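Mind looking over this structure? Questions follow.
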Amino acid sequence: MKTEIRLSGSGGQGLILAGVILAEGAILSNLNAVQSQSYGPEARGGASKAEVILSDKSINFPKIMDSDILISLTQKSFDEYSKHIKENSIVIVDSSIDVHGINAKVCKAPIIKTAEEVLKKPMTANIITLGVLSSVIQDVDKEHLKKAISKRVPKGTEELNMEAFEQGTKLIAAM
Amino acid sequence: MKTEIRLSGSGGQGLILAGVILAEGAILSNLNAVQSQSYGPEARGGASKAEVILSDKSINFPKIMDSDILISLTQKSFDEYSKHIKENSIVIVDSSIDVHGINAKVCKAPIIKTAEEVLKKPMTANIITLGVLSSVIQDVDKEHLKKAISKRVPKGTEELNMEAFEQGTKLIAAM
Amino acid sequence: MGKELVIQKSWCKKCGICVEFCPKNILDLDEEGVYVKSKEECILCGLCELRCPDYAIYLEK
Amino acid sequence: MGKELVIQKSWCKKCGICVEFCPKNILDLDEEGVYVKSKEECILCGLCELRCPDYAIYLEK
Amino acid sequence: MMAVKVKLLQGNEACVHGAIHAGMKFFAGYPITPSTEIAEISSLMLPKVKGTFIQMEDEIASISATIGASIAGQKSMTATSGPGFSLKQEAIGYACITETPCVIVNVQRHGPSTGLPTSPAQGDLMQAKWGTHGDHSIIALSPTTVPETYSMTVRAFNLAEKYRTPVILLLDEVIGHMREKVEFNELENLEIIDRKRANCNAEEFKAFEVTEDLIPPMEKIGEGYKFHVTGLVHDETGFPTNSTEEARKLLSRQTKKIEDNLDDILMNEEYMTEDCEILIVTFGCMVRSSKDSIDELRAKGIKIGLLAIKTVWPFPSEAVKKLSEQVEYIFVPEMNMGQMILEVERVVKNNCKVVGINKFNGEIITPQEIVSEVEGVLSFAK
Amino acid sequence: MMAVKVKLLQGNEACVHGAIHAGMKFFAGYPITPSTEIAEISSLMLPKVKGTFIQMEDEIASISATIGASIAGQKSMTATSGPGFSLKQEAIGYACITETPCVIVNVQRHGPSTGLPTSPAQGDLMQAKWGTHGDHSIIALSPTTVPETYSMTVRAFNLAEKYRTPVILLLDEVIGHMREKVEFNELENLEIIDRKRANCNAEEFKAFEVTEDLIPPMEKIGEGYKFHVTGLVHDETGFPTNSTEEARKLLSRQTKKIEDNLDDILMNEEYMTEDCEILIVTFGCMVRSSKDSIDELRAKGIKIGLLAIKTVWPFPSEAVKKLSEQVEYIFVPEMNMGQMILEVERVVKNNCKVVGINKFNGEIITPQEIVSEVEGVLSFAK
Amino acid sequence: MPSKVIENNFRVNRLPHIWCPGCGHGILMRSLAVAIEEANLDKDKICIVSGIGCSSRSSGYFDYNTVHTTHGRALAFATGIKLANPDLHVIVISGDGDATAIGGNHLIHSCRRNIDITTIVFNNNIYGMTGGQYSPTTPTNDKATTSPYGNIDKPFDICDLSAGAGATFVARASAYHAKQMIDYTKKALLHKGFSVVEGISACPTYYGRKNKKGSAVDLIKLIKDNTQMSNDIVKSKLDGKTAIGIFKDEIQPEYTEEYKKVMDKF
Amino acid sequence: MPSKVIENNFRVNRLPHIWCPGCGHGILMRSLAVAIEEANLDKDKICIVSGIGCSSRSSGYFDYNTVHTTHGRALAFATGIKLANPDLHVIVISGDGDATAIGGNHLIHSCRRNIDITTIVFNNNIYGMTGGQYSPTTPTNDKATTSPYGNIDKPFDICDLSAGAGATFVARASAYHAKQMIDYTKKALLHKGFSVVEGISACPTYYGRKNKKGSAVDLIKLIKDNTQMSNDIVKSKLDGKTAIGIFKDEIQPEYTEEYKKVMDKF
């Protein structure tokens, strides 16, 4: 079992942190995990991408060519990375994204809207995303994910982010 | 024909310049010449040594192992370098030097005394030395040596140095 | 002077600096960037242009 | 104070500094280095020691 | 059953954790991508262990302070990337000739010059050996996983202390920035080696004594053993000398103390080499791609194995030579224009064919690329 | 008969004379033994040819100013020795990636670190190739006589201009400080090559255009061709790009422009090789000792010859390989712990035996030492 | 369509620049362009030289001759460029780290030589490009990624340092004081000798965030609050303010002219 | 038998030193030893650090812990030594070239940090070790082997520069003013923070010869003639003199103590 997950969006959305938390949740769940990201040519803004590989075996090559699961929070990142998905893979996108002609199981979820309107904090989009993901990736224990979240998010925002996570888990159920 | 000449003395005596002038006189006389010196570990004072190789063929290895002609203006340099002379070589030393048990043709000349007493300029010892040498090294034209002297000595001291050279040539004749 | 306020919205990075420092307080941001709330009130002082880090707002003849 | 002028001639580099700056002008150089012309005139001021770059002249009890 | 302590760490993070485990008490650095996290995490962790972090004004100052701290008796480290590594070269030579233990991390990025500053590469391998002027020996280590970055940093300090020598830790952007599971139980038991101290009194102490093991004991400043350290050629006492014989002795000893201990210093990993007819020789993050490619090629029936070189300098000539006698081809995948391959070629002579697989565009070589390169060469050979 | 113009020049002096002949109009340096005379004589001569001399605050500033002056359109040079050469490494990479012609002189002295600062060595050979981080090509030349120092400095400028690349002139203390006869008549007629200028107007100008010969034309600042220069990976326009494909293209082209022209760039001298069964391969001042030793060994009936390598980088693999097929032994005398021998070994594989003759104590290897080493090996082999 | 001053001085096809939203560097970069316009310099003769850093990326946007060099060494490269062609207007753009950390020595020596180069330092009190480490101008006690417990270093005053080292024109303005920035920069460009204009900038992404100083707007307001117009650096400090003004403007022998006199001896 | 102060502080078996006859460095080196005696420092805790140059060779003669480093970097090494063991008395000996040319950046940053190190600069206005090239302190118009037509550079005032960069104790004496040299050096050693004492030296071999300024004695007399006792650098310059005095002496937070506070948080 090896799952290759790509989280993509724009600079400030915190998807790298989401990837880190996912990987941490996974190792707490006794899986192997490798997380990596590509930095832009400079630290400034622009697109952002995190990659996480989960496996029960050891993981060598640390990068993802084609993903099993693609998450895109922006149209631009979707257009770019939907080109690099495996057959029969899963694609999770924010509802704002226009998905066309790809051969995958697509889940649209109102991630950004939930962050802005339900949680009133746009920066929670990354943790909501994790909530969504947690419903798709069964091997990673939700409790471990939560543990990883509370360890990695800024002090004082733990509760808010727990709430965001819960909201995320509900989004996919609601679909 | 290859002649290996070592000029040795103490730091301020200008023997490197003498070596350079000798080499320059030699190339003006259509010989090949290589001049080199060893610098101390630092530029400060201490012993000084110049080496000149003259030849009508091309000269490869630029250093001297054992000399054909050794010049020493100080006891210390004589003690050091008289160990490295060829058989039947020529050794020219200042009269102040105590020469003992070496197998060479030794010429003692009052170089320093001449500089101090006749020319009243201790720093002319190097050029006096050249005068002495010029009588020993026949292949280098005296006129070429003089030309080299007037080119290389500090401006304004040309005449003084010509006189020093002439005095030098006389020293050996006087022996 | 016949100058006019011009906005090149595609260059606006929505930092809000022009909005804050407009002496007439007539600028604001929307999703895509800066816009003028009431152009007629603009006194063409050029402070927005002076301080826009992205050259997205300026006065031009 | 019971001090005395000492010279370690082997260390002297014959720069002449002590000679120049001795207030009593009682030092001089020969072939081997510095020497005292008239020790009795020495006022043990220590200026020679202070400025000798080679520690060849000094006062000692 | 003992609870397994696991952490998700970045390579750069693991490096600092390892360093602190090894006893690092001083870090001086200057930020540069992709090594910056090593400085950042050091600034966070060192005060907690009564260690010192300082951000110096540039890379030269950083390595100088690092060497100074080690002379003063603390285990010390600096970290940088290509451009900074170039700047540190003069001082690396000083650490060599003064036999000052310290660890210099270079998290390699694309070059030359500023190149693609956030992209990975392995273009500083040769520089790690030859970057400073004059003859000298150097130890350089290159890990392939995050846990290994931890243990290898400990090892870097240990080798530095044991052999009184600077040790270069050659990471690359891939290893430095990836996060991976680190299991601490074993790592926390890693042995720690401290420099040998004098076993004589201050009067008898010679700071660069020629001992039987060729490694002079090293004292701390401030404890009565007043000694002199210089970048000039020096004799056993540590004072400069112009003796050509002392120069010869000094440089010979400093080389020999490394060469006599290759058994201890060299470290390789072999993977499926027992029966292999084709061999991959590589290092750093390329070991990861190579392992995947080997699994794939083995599945296709190709008898291929791997020699993963962990101590990249001194180069493990004997290990490579031995395997070269067994195989027909050696492939050397590198994220550069061909550096380790030069050493491999020199060592294997005509024993087998040597083929480079190179990428120098800021991208990691994929297992697929290795597979197809190997298959291409083999099919062509048929 | 034309009057023969001869002068007695020091190697360092000949270097400056050659540079001025080649059109040097800018020198920036920082004093260091044994290269200092190059700065001193430049300060004396340059104002007379309307050129500029500046003593900068350190070696990094010196090479940076040198590169700057070349970008501004002047032929420029800097000179240093080991420690300074180490410091210049970062900027050398910048000159490589920006393809800025300039000449960097390293008058080698003993190392590592301060070593024996006034004694000769050849310990920076590998550093000349590998000293800076990241992949790059470099041209390095090493003369063996004073007249050759003159002509080779001219050649260094010519190659720099022709191939838009920094060129390293690797002198050693022996050549730099010895004085020898220089006959000017021929030297004064040496051809001078200037950088290729654009043959288009400013609008069409691409500062890093991929031309057929792979060498982009180079314009001067201030003449209307407004261009951008960066140490980042850049495309033909000269502006930075993150394209991995452009990165590959850039580095490939910069390597290829050298490798495609080895015929023009490489330069060796063969001495008594026609019938030789034993070969000496060496460079710099060691060529002089070797020639004398060959004369002596030939007199004893030993068929020995010499390959004197003048362009030390790129290494003349083909020439060495070819001769290695003819001989039984190659001896490589070097005033270091064995650097060129590594290249020789790599290239000759099993063709013949390779033996190093090394001295790293600050002394030149004498002809006698080479003779006895060769005789020793041969008698042992019998 | 951008404004005239942008179109006339920038490589518009490379805009918008890479800097973060609200980064003060954009304001300072425009100020320089306006100053160049107003100083009426021949654009073919302008050469912009920069080091490495967010600030130093500006060279690529100007439509003059532009040279993006190595970290800290811009002034050394610029010295070579200026000496090789004294007709050029050589302008160096640098960051606080580039100019005063790794590049500090080249800065003080350029000041000392009084070579006719104008240096603009975009001072955001942080290393922006590498993600927010403290710089030699980060105020004591401030946080940065390498001073998680508060910075214990004492900051340089760039103007003080430059004046002390011998620069003959020294001034400071800011991203808030863009008018003054233009004015001082123009004067610096027209000054014969080595001139330094410090432009206080703002890095919302790292400096602002690390120090909880709010948005880009907040940072610009902070500049306004923490400064006062004054030509007296020391007195302003006593008021707890940073002085905005021209601190030094004097004429002394200029390096390339002095060198020309040497050449003219022959 | 050398004098007590020599015997107590030097490695007598390495004397006489390598310097030329009349070299001012010898006088300054003795002054430092006397100052150390008078300041009553624990000699086991003294660490002398030097760079490369004639002046920097002095480290080898002192019978303390001594570290002879690379050219220009002594202060960076010293910073590491001091931070690794704050109990040490770290003293840096440097030349004008070592401290202000290649080492200029480390000097100003050490000043800025106010780290408790005492730096003595043996300023002979020339690079002595390499044979007489001009340095950043060579007066304008003077000759050197690299300024055969007269130096066009403007010299640094080492005290000005250090004070401007943040050193908290700054003084100048000379080989002529050996008493003051001892006195100021002693004060510097006892000062908590970064202290700089410039000692005007004399290089008869290169500086003297190149500038036809006569013998070692003449050079020392010249120092006497060209200086005046004054604590005002600027005013002295107006008189055409170099000031001998203490120019700055203030207490500010010291770097290793500040760092200790960070450690003490845990």
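A few remarks follow.
Which chain is which? They are A, B, C, D, E, F, G and H, in the order written, and residues in each are numbered from 1.
Keep in mind that, in the parts below, a residue touches a chain if its C-beta (ideal position, glycine included) is under 8 Å from a C-beta of that chain, and two chains touch if they have at least 3 such contacts.
To keep track of the chains, here are their UniProt names: E, F = 2-oxoacid:acceptor oxidoreductase subunit alpha.
This one's a predicted model, so the numbers in the text were calculated from it and none came from an experiment.
Touch-path distance (fewest steps) from chain C to chain F is 2. Once chain G is taken out of the picture, touching joins the leftover chains into the groups A, B, D, E, F, H | C.
The pair with more inter-chain C-beta contacts, choosing from D-H and E-G, is D-H.
Rounded to whole angstrom, the centroid-to-centroid distance between chain F and chain H, based on C-alpha atoms, equals 39 Å. Averaging Cα coordinates per chain places chain G and chain H 32 Å apart. Centres computed as Cα averages put chain D at a distance of 55 Å from chain F.
Centroid to centroid, with C-alpha atoms defining each point, chain B and chain G lie 60 Å apart. Within chain E, contacts with two or more other chains are made by residues 33, 47, 57-58, 60, 83, 90, 94, 113-114, 116-117, 230-232, 240, 242.
In chain G, the positions touching at least two other chains are 19-21, 23, 52, 70, 101-102, 104-105, 109, 130-131, 136, 149, 259, 262, 265. The set of chain D residues touching two or more other chains is empty. Contact residues of chain A toward chain E in the complex are 20, 23-24, 27-28, 32-42, 59-63, 65. On chain E, the positions that touch chain G within their shared complex are 30-33, 36, 39-40, 43-44, 47, 53, 55, 57-59, 83, 113-114. Contact residues of chain G toward chain C in the complex are 1-4, 6, 10, 15-17, 19-27, 30, 175-176, 178-179, 204, 215-217, 220-221. Against chain F, the residues of chain E that register as touching in their complex are 60, 82-83, 85-87, 89-90, 93-94, 96-98, 108, 110-117, 119, 121, 123-124, 126-127, 129-136, 230-233, 242, 244-245, 247-248, 251, 255, 336-337, 339, 342, 345-346, 349-350, 359-363. In the complex of the two chains, the chain F residues touching chain G come out as 25-26, 28, 47-48, 50, 52, 54, 56-58, 60-62, 64-74, 76, 90-91, 94, 220-224, 226-232, 239-240.
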